[in-house]
Structure formats: C-alpha cells, structure tokens
Amino acid sequence: MSESLFGEDVIVRTIARLVAPFIQLFGLYVLMHGHVSPGGGFQAGVIIASSFILLALALGLPESKERFKKTIRLPMESSGPLIFALIGVTCILAGGYYLQYGIAFLFPPAVVSAILISAVEIGIGITVLAMIVTIFYAMAGD
Amino acid sequence: MTWASHLPIIVVLIPLLTAYITPMLGWMDKRICNPLVIVSTSFAFIASLLLARSVLTRGVISYHMGGFAPPFGIALVVDYFGAYMCIVISFLTLMAAIYSREYIAKELHESKTAPYYTLLMLMTGGMMGASVTGDLFNMFVFFEILSISSYALVAITGKKVAILASYKYLLLGAIGTSFTLVGIAYLYILTGTLNMADLSVRLASLYGVGRSSWTLLVALAFFMVGYSIKAALFPLHTWLPDAHSMAPSSISAVLSGILIKVGALALIRVLFNIFQPEFVVETIPVTSMISWMAAVAIIVGSLFAISQVDLKRMLAYSSVAHIGFIILGVGLATGYGTTGGILHIFNHAMAKGCLFLCAGAIIYKTGLRNIDDLAGLGNKMPFTMAAFTIAALSMIGIPPTAGFISKFYLGLGALETGTWSGWVFIGAILLGSLLTAIFYMRVINNIYFKEPLHREDVQRDETPLGMLIPILILAGGCVIFGIFPRIPLSLAEPAAKLLLGI
Amino acid sequence: MIIISCLPVIALLSPLIGGIIAYQAGKISETARDLISIVAAIVSFIVIVAMVPTILNGNTIEYSFYYTAISTLPIAFRVGPFPLFLGLVISFAWILSAVYSHRYMERLHSRNRFCLFMSLTLSAVIGTLFAKNMFALFIFFEITLFTSYVLVIHEETPEAMAAGKKYLFLGLATGLVMFFGILLVYLQVGTLDLGKRGILDGVHGNILYVILFTLLVGALFKAGMFPLHVWLHSAHPIAPSPASAVLSGVVVKEGCYVMIRILYDIFGVNLLKTMLVSNWLVLLGGLSIFFGSAMAIRQHDLKTMLAYSTVSKVGYIFLGAALLTPTGLQGAMVQIFHHLLAKSALFFCAGALIYKAGIRDIDQMAGIGKKMPITMMVFTIAALSMIGVPPLVGFASKWYIVLGALEAGRPLAIGFGLVLMLSSLMNAIYFIPIIINAFFTGESEHGEHKEVRPDDVPLSMAVPMVILAIGIIVFGVLSATTSVVVIKPTVNAMMGL
Amino acid sequence: MEIYSIRPILAVVIPFICALLIAVTGEKNRDLREFWTLAASVLGCMVVISMFPHIYSGGKYIFTVAQIVPGVELGFRVDAFGMFFAFLSSFLWIVTSVYSIGYMRALKEHAQTRYYFCFAACIASAVGIALAGNLLTLFVFYEILTMSAFPLVMHEETSAALDAGKKYLAYTLSGGALVLFGMAMTYTLTGTLTFASHGFLAGHGSEQLLKMLFVIFILGFGVKAAIIPLHSWLPSAMVAPTPVSALLHAVAVVNAGIFGIVRVVTNVYGIELVADLGLLLPLAIVASITIIFGSIFALAQDNLKRMLAYSTVSQLSYIILGAALLSPSSLSGGVAHIAHQGFMKITLFFCAGAILVQTGKKNLSEMHGIGHRMPLTMIGFTIGALGMIGAPPICGFISKWYLGLGALEAGHPIFTAVLMASTLLNTAYFIPPIYNAFFKEPEGDLIESREASWWLLGPILLCALISLIFGMVPMIPYTPLQLARTFLGV
C-alpha cells in the first residue's frame, strides 16, 4: 500500500492533516486526566495512534512513516515500560512497596501519588502509541 | 523495609527491565545486547538465590504490590516452590544467554539479535512472574507474556517450518489461555476474589455445596485442560515436538528446560494452593487422574522419542515423557512423590537444557540433525559429547547423576501411596527409564562407537568456548547435584511439604 | 570396633584418578599409560592390603561421604571381612589384567579408552564391594554396568554392538527391577544398612517374596545366572580378552557378591529359612549349573564356551549360598575365589591364542600345545581346576558345597550328588577335548597356525597367566589354611555365628 | 607303634621330582632323561623298602603335610597294606622303566618326554594312594592318577586313541565324582576321614544310609577296578603303548581302584560293619559275574592285548571276591592276588609288547610258531598264562587256593565253583596261543623275526621269575601273601 487509499483526493488529504493534531490533542487530554477521570495511558495511546493511522490512510504509507520514523518509534516502544518500571522502582527507593504511590517523597503523599500516576500513564501511553502504529505498519506491509 | 524484602519484585523486574533496555541499546550497537542480558540474568540469578535464602530463613514471603494488602491488591507470594522455580529459571536462562552469544551470531540474521534477546528476557520475566505471583489473574498475565514471547521465539528463524510450528503452538496456546481465563472467571464469579490464599479459604466453604460445587468443578476442569496444554501433558502435547525442535537450540533449551515446567507450576498452584490437597486428592481424585495421564505420557512420550530420527525432535518427545515424570510426582501427592516431582523440575531442566545446547552445538558445527549421521562426533567434539553423555545418563536416571535421585524419590513416592495404582506408576517410571535409555543410548552409540561415513570429517573441531562453557556447567551440574542432592532438596522438600500441608 | 578411615575411598579413587591420568598420558606415550594404570591398580591393591590387619583383628573400617539424598542413606563405606577378601582378590586380578593388556591391546584400536574404562570398572566394583548400604551399593552397581558396557562393545563391530545392547538394556531393566526392590525394602523398614544380617525382620507376608525376587533379579543378572544369562555368552566373548577376563572374573563376581549380600544381609538366614525358599533357590542354581555346562559343550568358539562355563560356575556359587549353611556359604566363597583365578587364567589363555595364533575356534587348536606350551599348560591347570580335580582350588570349593548340601540334609543331598557328578563330567567333556587337541593331535592339514613360531606369548602376557596358575595350585593345597584364616571368619561374620 | 617320618612323603615326592627333571631335560638329552627315570625308580623303591622292617613288625609310619580342608589334612599313614601296594608300584616301575626304554627306543615313539613325565607322575600318585592316611588324601592322588594316566592312554594320538582317552576320562571322572560325594557324606556323618584299623563308620548314620554310601563307594572305585558293567574303558584303552597297558593293568591304575575298595571295606567301614550290613553277598555276586563274563569276553578276542585286558577284568574281581567273602583266607588270598596278578599280567603284557616290537603282530591268529623264534619271550608268556589259569607252582595258584579255601570257610561253596569255572575258561583262552606258539611252524615274515633286546627281555624274565618264586615259596617273609597276612593280622 505504497499509495494512499484515496489516491490524490485533495479533500481527504487536507481534512486528515487538519484533524490529526486535534485527535492528538484529545489523546493528550485523555492521558493527563487518566488518574482522576475515565481514561488513561492506554486509551490515550490508542487515540493518538489512530491519528497516525488516519494519516497513513489519507496520505499513504510512506508519508505517514516519514512523520513517525522507526528511529522514533523504537525508543518509544521501549521507554514507555521503562518509565513504568522505573517509577515502581522509585517507590521502592522512596521506602515503599513497588508502585506504592502514596508515599512521602519531597511532596505530600497525595501530590506524589498524582505525579507518579501521571508519569506511569505517560509511560503506558507512549508504548501503546508506538506499538499500535508499529503493528499497523507491519500489517500494512512494512 | 530492607532491600531483601523487595526481592520478589526484583527478580521479576530485572528481566523485564532488561527486555525494554535491550532494543534501545541494541539499536545503537548490537554487540552490547549479549553482555547486557548476561549481566542482568546473572543479577536475576543472584537475586533468586538471595530470595531462596530469605524464604528459607523467614518462611513464605508475601509482597504487596503498591502497598495494597491482599485480597484487594496484587500480592506476590514466594514460597519454597516459587523461590526454587526462580532459581531454576534464572539459572537456565543465564546458561542460554551465555550460549547465545556465539550461537545466535551464526543461526540468526543480524537484524534479529536485539529482538531475540528482548523476547528472551520478556519470556524470562514472564516465567519469573508466574513463579512468584500470588494472584490468579496476575499469573494469567504473566503466562500471556511468556507464551506470546515464546511464540515469537519459536518462529524467530523465519523458516517456513518454524513459522508453522509457531502457528500450531500459538493456536493451542491460545486455547489453553482461554480455558484458564474461563476458569478464572468462574472462580471469580463464585468467590469475588482472585488472590490465591483468599480463594483457597473461600472455596473451602463451597466444596460440595449445591450448584456452586458444580461451578467449582467446571472451573477446575478448565484449569486442568488449560495448564495441561501449557505444560504439554499428554495428550495435549502435540504442539511441543514441533515448537521445541524448530526453535533455535538455545530457545529449545529454555522451552524444554523450564517453560513447560512453569505450566506444571501453574497446575501445582491450582491443585494445592487454590484447591486444598484433601479436595483434589480425596474428594475429587484429580491427582490420581493426572497421575494416570502422566504415566501414559511417560510411556507414550518415550515410545514416540524412540521412533524419531531427528535429534531435536527426539529430545522434544523426551520432554513430553519427562514432564510426565514431574506431573506424576505431583499427582502422587505424597511427601516423597511430590518432592521427587519438584526435584525433577530442576534435574530435568539441567539435563534437557544441556542436551538441547549440545544439539545446538552439533548443528552449529556440522549442520547435522539426523541421529544416524552423528557417527564420529565423539572424536570431533569430545567435550560436548561427554557433556551430552552425562546429561543423557541423567535423563535415564543412572547413578550418580541427578536423574537418579529424582527417580529414587518418585519411586519411593509411588510406593508410598500403598495402593495398587502405585505399583502401576512405579512400573511406568521404571519402564519409562528403560525406554529413555533406549533412545539415548542409540545416540551415544552413534556418537562414540559407530564408524563415521567420512573419516576425514573426524578432525578435532570442538565447539567454541562460549558455547562450551554453559554446556559443561550444566553437565557438571547433572553430576554434582547427583552427588550432593541435598542442595536442591533443601528447597524441594519443604516445598512439597508446604504444598501438601504435611 | 569401628574405625573411621578413608582407606576404602582411596582404594576406590586410585583407579578412578589413575585411569583418567592414564587416559591423558596415553595420548603421549602408550607405555606410560599402561604403567600408570598398573600402578593405580597396585596402589589400590596395597591400600586394600593395608586394611587387612585391622579387619583380622575383628574391627570394621567405615567411612561416610556427604551424600544424603535421604539422611539415613549416606554414600558410606564399610569394610568387613567379606568385602575385604573379595577386594583383595579382585584388585590383584586387576593388576594381572593390566599387565596382560599392555601387549595384548597393542593391536587393537581405542586403547586409551579401553584403559580408562577398565580402571573405571575397577573403581566401581570396589565401590560396590565396600558400600555400606544398599543405596550406595546400587549406585556403584549401576555405574559398573555402564563402564563395563564400553568394554563389551570395544570392538565396535555390529556383533559387539548387538551384544552390548543386549547387555546394557537387560542390565538396565533388571537393575530397575532391583531398584524397585530397594525402594520396597526402604519403605518397609526405613533402612538399607548392610551390616545387620537381616533388616527385614518386621516384615511379613507376600511382600517378602516380592522383595526377594526383585532384588535377586538385578544381582543374578549381573552374575549371569540362568535364566538371566542371555547376555553373557554374547557379551563376554566379544570383548577383548583382558576385558573378558575381567567381565567373567570380576564383574560377574560383583553380581555374586551382591546376591550373597541380599541373601545374608538384607534377609538374613533365619528369615530365609522361615520363608522356605532355599530349595527353590538351590534348584535354580542346579539348573544354572546344568544349562551352562550343556551349552558350553555345544560351542566351537573357545571364548563363548568359557562364557557358558561361567554360567555354570555361577550356578555353583548361587547354590552354595542358597544352601544357607556355613559350609555351603564357604563353598560359594571358595568358588568365587577359584572361579576368579581360573576363569581369568582361561580367558588370558584364550587371549594369548588369539594374539599369537589368531584362533578362536576350538577345532583349529589342534597341536597348538606344542607351539605354545606355557599357554596351554596354564590352560590345562585352570581347566582341571574347573573340573574340580584335586588338589586344585576348584576341588576345595566343590568339596565345601557338597558338605554344605549334606549339612542342609534331606533329599537335597542325593540330588546334589547327581548334579555334581554330571556337572564335573560335563566340564570334562568341554574342557578335555581342547587339551587333547592341543597336546595330542598333530597340526591339521589346513594349517590354521602354520605361521605361528614356537615361541610363546610375550613375557608380560605369560607372567600373569603363570601367576594365576600357580595361585590355583598353591591355594588348592593350602585351601584349609586360607579358609581358616580368611574364609571362615568371613562366613561366620555373614552368618552371625 | 607309630613313627612320624618323612619317608612316606619322600616316596611320593621322588617320582614327582623325577617327573619335573624329565620335563626340564626334555628331548635335548635323552640319555639323561632316561637316567632320571631309572635313578628315581630305584631310589623310590629303596625308600619304600626301607620302611619294610618296621611295617612288617606291625608298626606304622605317619606324616602330615598340610590341611586341605579343616580337620582333614594331606596326610600319610603307612600300614602293611599300603606298604604292599606301594612296593608293588615302585618295584614294577623299575621293571617297566627298563622295558619302556627298550620299547620306546625300538619303536622310535614320538613325545617320549611326555610319556616319561606322565609315567613318573602316575607312579607318584599310585604311591600316594598307597600311603595315604585318609580318604581325602587318597582321593587327591586318585584324581591325579586319573589325570596323569590320561595322556598315556592317548599317547598314540590316533583317533582311536583319542576316543579311548575320552572314554577313559568320562568313566573315571564320573567314578571320581561319586567317590567325592561318598567322601563328603562320610565326612558329614563322622567329621573325620582318617583311616582306622577297624573302620570308623560304625555307629554313624542309619543302616539305609550306610548301605547307600557303600554302593556309592563301590561304584566310584569300581570304575577304575573295571567291574562289569563299568569296565568298557579298559579294553578300549588297549590302543596305548604296551608299557602303558602294563601300567594300567598291573602297576597302578586298576590296582588303585581295587585298593580303594579294599580300603573302604577294611579301614572305612571295617569288616564287621560291612558284614553286619549284609553287603557282602551282593558284592561277591557282582564279583562272580565279572569273573565269569570277563573270561567269556576274553575268549572271543583275537587281539592279544584286548584278550589280556578282559583277562584283567576277570582277574581283578578275584580280589573283590576275596574281600567280599571276608574269611581270613579269602582276604589274604585276595590281597595277595593284587601283587600276583600284577606280576603275571605285567609279564604277559611285556611279552605282547616284545612281540609287537619284533614282529609288528597284534593278533593271536598271526602269531603261530612264534615260540620257535622268540623262545625266551614265549616261556615268560607261558609262565604268566599258566599263573593266570592258576596252575601250580606259579603264584596265581596260591591266590586261587586261598580264595577257594576262603569261599568254603565262609560257607559259600558256590563261589569255589565260580573259581573253578573261571579256571576252565582261562584255560580255554590261554592254552591255544601257547599251543600255537610252540607247536606250529612260523609263517610269512615271522620266519625272519628274532628275540627282542635285553631291555625288553630282562623285565619279562624277571617278572616271570618273581611269579614263580612267589608261587613256589609263599611262606618266606615279604612275599605278597605274607604281607597280606600281616596286614590282616592272620
């Protein structure tokens, strides 16, 4: 699928380019509210990834890939879980159990908890984003 | 809280963290993957040993993830058995990792180096996690991790047969996973908890109570089938010979050496940790049923192995037989028997790991897979073949190798039951041992005492040192732990006693 | 008094380590290799000799080794009179065998391997002898199977492989049956100790017979008793002659040793008597005697014939032991001793014939006595001892066994008289024609050994044979002395008298 | 009075040493080798003779070597009977040695070293049997005798000789096994095997058991004594060289069997016990049958040596008959007959050998007129033959007289009749050859033949002479008859 699904359809290409940032923004929103409202890293990752899939459909695979290179995806795939795990370790370092957010570490426990949970969500989001896109590319005939 | 108290999570984290770091570093420089993996597995191994020590001194360790006390939070519960499994897993993985350095360079395309190590570490993390977890669903997750990474590893060479094997493995594996998931769902419906300790308490009140006892039995059945597939217990072993023989040899060693044992671990956990020993042994004689299946597995697996011409396929079928030994020991549900089964996990891991690594070395050096073509290798690769012989003797159960000790315990266990079926089981054990001898001695005879087809081939051409070292360590282990069996037994015995509640 | 000493372990390790060193040395120098293996055997012998005074004073030597699969079953050694006696003889025979193989093996391949596995077998056999409990004993017993397997298949011909296969797999199978018996014993009484003259006292019922049967199967297989002899006549002849001598002389004795241990130390005389199995066991021994002799008569291959003869002689040993009388046991022990000397000598002679003249077939041996007088004289002496002609050692053993049978009394005695007469005759029937052929007939016109020059085998092969022959005569004449000094105390110890 | 002395062992060891010297000397120096034989035989005989006076005065010599089994040592105990047999063997050895040298050299036999070696070993064991102090020692030498006579039987190395050797071995080994068994039973019954003057079995074991044991012993020793039907090895063994036949028939082998039987009857069971058990009549009947049938078989033979062999079968049973009749006269007659038969039979065999050496003839039908050409030889033959028949004044008459007397004493005149019948049969087969030898003309190549050398002739005449002397003056000291009477105390 080296060509776009819709050929050189200008409308589709333009709309896709326009919509993509908003989708990504929404994704970030979902991500950042994950620890207090429905949402979270996984959903956010999928939402953001969908923007790239949309671009791939509209603009064609090569161009989409050009925007989201393998050299970026690979570190993202790995670093997400790393963030997750390291935060867990951080909790241990701070004197709690693994992933025990509610600990006093520079800030009051509630604040620490919020920060850490967000960080974990970010990690998850990054990974999911990268992985979904990678899978899509792979299935699309990479 | 000291460092030591975090060991349960550390043993899981180390391989998993490595799994994430590897691709990034590998992306920069492929040569760095192997040392990284070796170092981290060594750490995991050391951590496992420390874990075992603290379990031995402090008893069962319960670790509350995120600080949430069970049954609400996820707990890691490390008993003797879990610690024991961690040691086995990390030890064998370490050997495989050392071995991989030279082996992978030839066997796999360069681009696959980083994924290979990543998957290996993921699989190890999964296995470690499954061993230490105290939560049923958590276990399911770890099982998914290890299964999926093993599917990929089987297929990693990219050969068509390997992909087919992997596909077969994937299909059956997926079925197994689904079954266990359904089982978990049933239990959750019944009790509203997934923590193993909590489950066992709550289930105890449900035994024989109306409809819920039926639900319970159905759940048990689902678990049995699901984990039997993972453990490749006959007749659900059909994926194993293909997958284990088609994977790269270092992976075969891990798959045959420990991965199926994790399936056995899950079975044990379900039987003895979730359901009570009294229930599975007496009320519903599940253990005796799986014992019979295991007995059949021993015989049939061995018979299949005899008929193989491909070395690795033969080793794979041998694994089918030996998982039978392990499950038989578990199913006997007697002190000696279960100890023997658990001990055999370790002994078989060493021996079979060694054998697969040797098979890999043979393929590496000569490209031969057919048993009849191996003539003259005794002179060509003396150390490798000596190790092969020792490991094979351990598989047969010849003293003073480690295999003999497990055979001894299993035999005692079978007789300890004091029933006629015990006599049948011991017959199966002994016959299985004899059949094992038949196919291993065929290989040994070919290696040492058969006229090679091409004299000029028989030049001294030993396996490279990097591959030889793990082979020799494993072979040495087969002898050393045969002479000093107290070492593994110091964990295996209390493990069995704790599981059986005696 | 129990004395803790590591001498048994040294006796066991010396051939083991020596063998490994010899194996490495063999890559550089063949002579060095053989020297080292001889020295290792001698060291082992000396160490065993060093234990003699202690044992003769009525002490027991013990040594425990850290091997505790189950804490009651350590790998431990205990040397009493019986193991010591056998150990002495075996290690001495081994020295001769090592000397003998130096020249004999020079025409065969894989000499280093042969040397190594000979030493390993010795080590394992000594381990079996000195084991303190059945568990340790079984471990060494199984090791012997594998190490001697390599000796059996040394030639690597298809026949050798087939013979080896039979040996190995039947050995494994019977070993497993024995293993089963050991497990049964352990679960019944919780000990496998071999020093108590019967540990099964508290056990009743049919399980006793099961234990007896299973345990004996393993031991009798190694001993080559009828009907478990099926491997022996193919495995012994096919091995190189020093190995045949060792297999027939020593490894078979290991089986006999274990058999006696089972009867006298696991079960104990009193228990066996209440079990009323003695007659059946004796019958089995008689059958073995007959069958072995009958088959030996039919053979044309000298070494096969000797192998069948072993079957028959083991029958004697078993019979003597199964009589459950002191004299019978004494006869069995003398027979062990005698057969070790004589059969080793015979196989050495057979090897000499192969080495020098390249003949294995009895029919080809016409007139060979004139060309190889020493060899054939040794052969004659050993054969006469086998027949039981006084005053050679063979006679003494026959004498004690007959006495034992009479001691056991009853119709057994008469039946035994017949067995004895027939077996002597049968022995004569298969040994005498060889001697006749060798000394009294001229060389046949085919001239199978026309090329052989009338100088006998090399010195290093002749000396061991001659030493054995002298031993046969000397110990025959002095058999009362030896039995009073060595065998009688042993028997008393075994019987608990 | 019992004297502890090394003389008995000396008598046994001298031939053994001689055997070794012969083996060492070998074919390299034939004269030296034969010197050893002669020297040793003379020396051995002298040692035996040196024991005569003491024994004759009723004393005994004793010597113990080593224990073979606890309680039973390899020991010697010389009494008159043993003395008697030892003297017979060692003396006849001298004669046979001389004869052998002549015979072997004349025929240029092969493997002479082996021959002399085995011969010496045979003599050694025969002396050993004679001087043995207990059943076990006797048995040890008995078996050595079996084994060392065996190469001699097969000396010719023809297929017939090989077959004869195998047959010999099969018979004698079975006999040996029976003896061993009987011996073991005796040992378990009594705990000893040492010969006692009046037996040591009395009072041990049931009557049934003792009877059975007796049968076992008789069968065991009877093989070598060639009792019918256990005799068939003896005629077959005739293929051996003539001196060997002499050895078998006169010097050592069959006599050893007889000796064993007498020892069992007198010194193991004791005459009284045997009589009480009622075993004698059957034994006497067996002996009678053997006497008659042996003679009848002899009648049918044309081969001289085979005829002599059957004659031996018959004559030996005289001795057994004597023992079985158990009267003083019959016993002394029987025992004396061991020596008498020995001297006469050796004469006959030597003659047969001399004829073979000179003419190559083996069959009687070819020997017509031989008396004209070899008169001295045939005179010796005639003396021997007449002695066999029992004609006075040759020693055969003496033994037959005492035997007949004994039969009457014992109250069994029927056995006297047996003796008479046997005499008739003996006449029937011995007289025709003599007649033919002297009263027919020589034919064919016999015309050319001459008397044999003095190596051969000397022993013939000496033995014939001794037979005559024993027959004419049986009452002087040291004759077989007197020795027998001393031994039996009559």
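Order of writing sets the labels: A, B, C and D. Residues in every chain begin at 1.
Keep in mind that, in the parts below, contacts are C-beta pairs under 8 Å (C-beta built on N, C-alpha and C of every residue); 3 or more make two chains touch, one makes a residue touch a chain.
None of the values given here were measured: they were computed from a predicted structure.
For the pairs A-B and C-D, the larger set of C-beta contacts lies at C-D.
Compare each chain's C-alpha centroid with the centroid of every protein C-alpha atom shown, and the nearest one belongs to C.
Distance between chain A and chain B, defined via averaged C-alpha coordinates, is recorded as 36 Å.
One finds 79 Å separating the Cα centroids of chain A and chain C.
Put simply, the C-alpha centre of chain C and that of chain D have 43 angstrom between them.
Rounded to a whole number, the gap between the C-alpha centres of chain B and chain D is 86 angstrom. The list of touching chain pairs reads A-B, B-C, C-D. For chain B in complex with chain A, the residues that touch the partner chain are 1, 6, 9, 13, 16-17, 19-24, 27, 63-67. Touching chain C in their complex are the following residues of chain B: 393, 396, 398-400, 404-405, 407-409, 411-412, 415-416, 426, 430-431, 433-434, 437-438, 441, 445, 449-451, 483-486, 489. On chain A, the positions that touch chain B within their shared complex are 71, 74-75, 77-79, 81-82, 85-86, 88-89, 91-92, 95-102. Within the complex formed with chain B, the residues of chain C that make contact are 66-69, 75, 138-140, 142-143, 146, 153, 156, 161, 164-165, 168-169, 172-173, 176-177, 179-180, 183-184, 186-187. Residue ranges on chain D touching chain C, taken from their complex, read 65-70, 72-74, 114, 136, 139-140, 143-144, 146-147, 150-151, 154-155, 157, 161-162, 165-166, 169-170, 173-174, 176-178, 180-181, 184-185, 187-188, 216.
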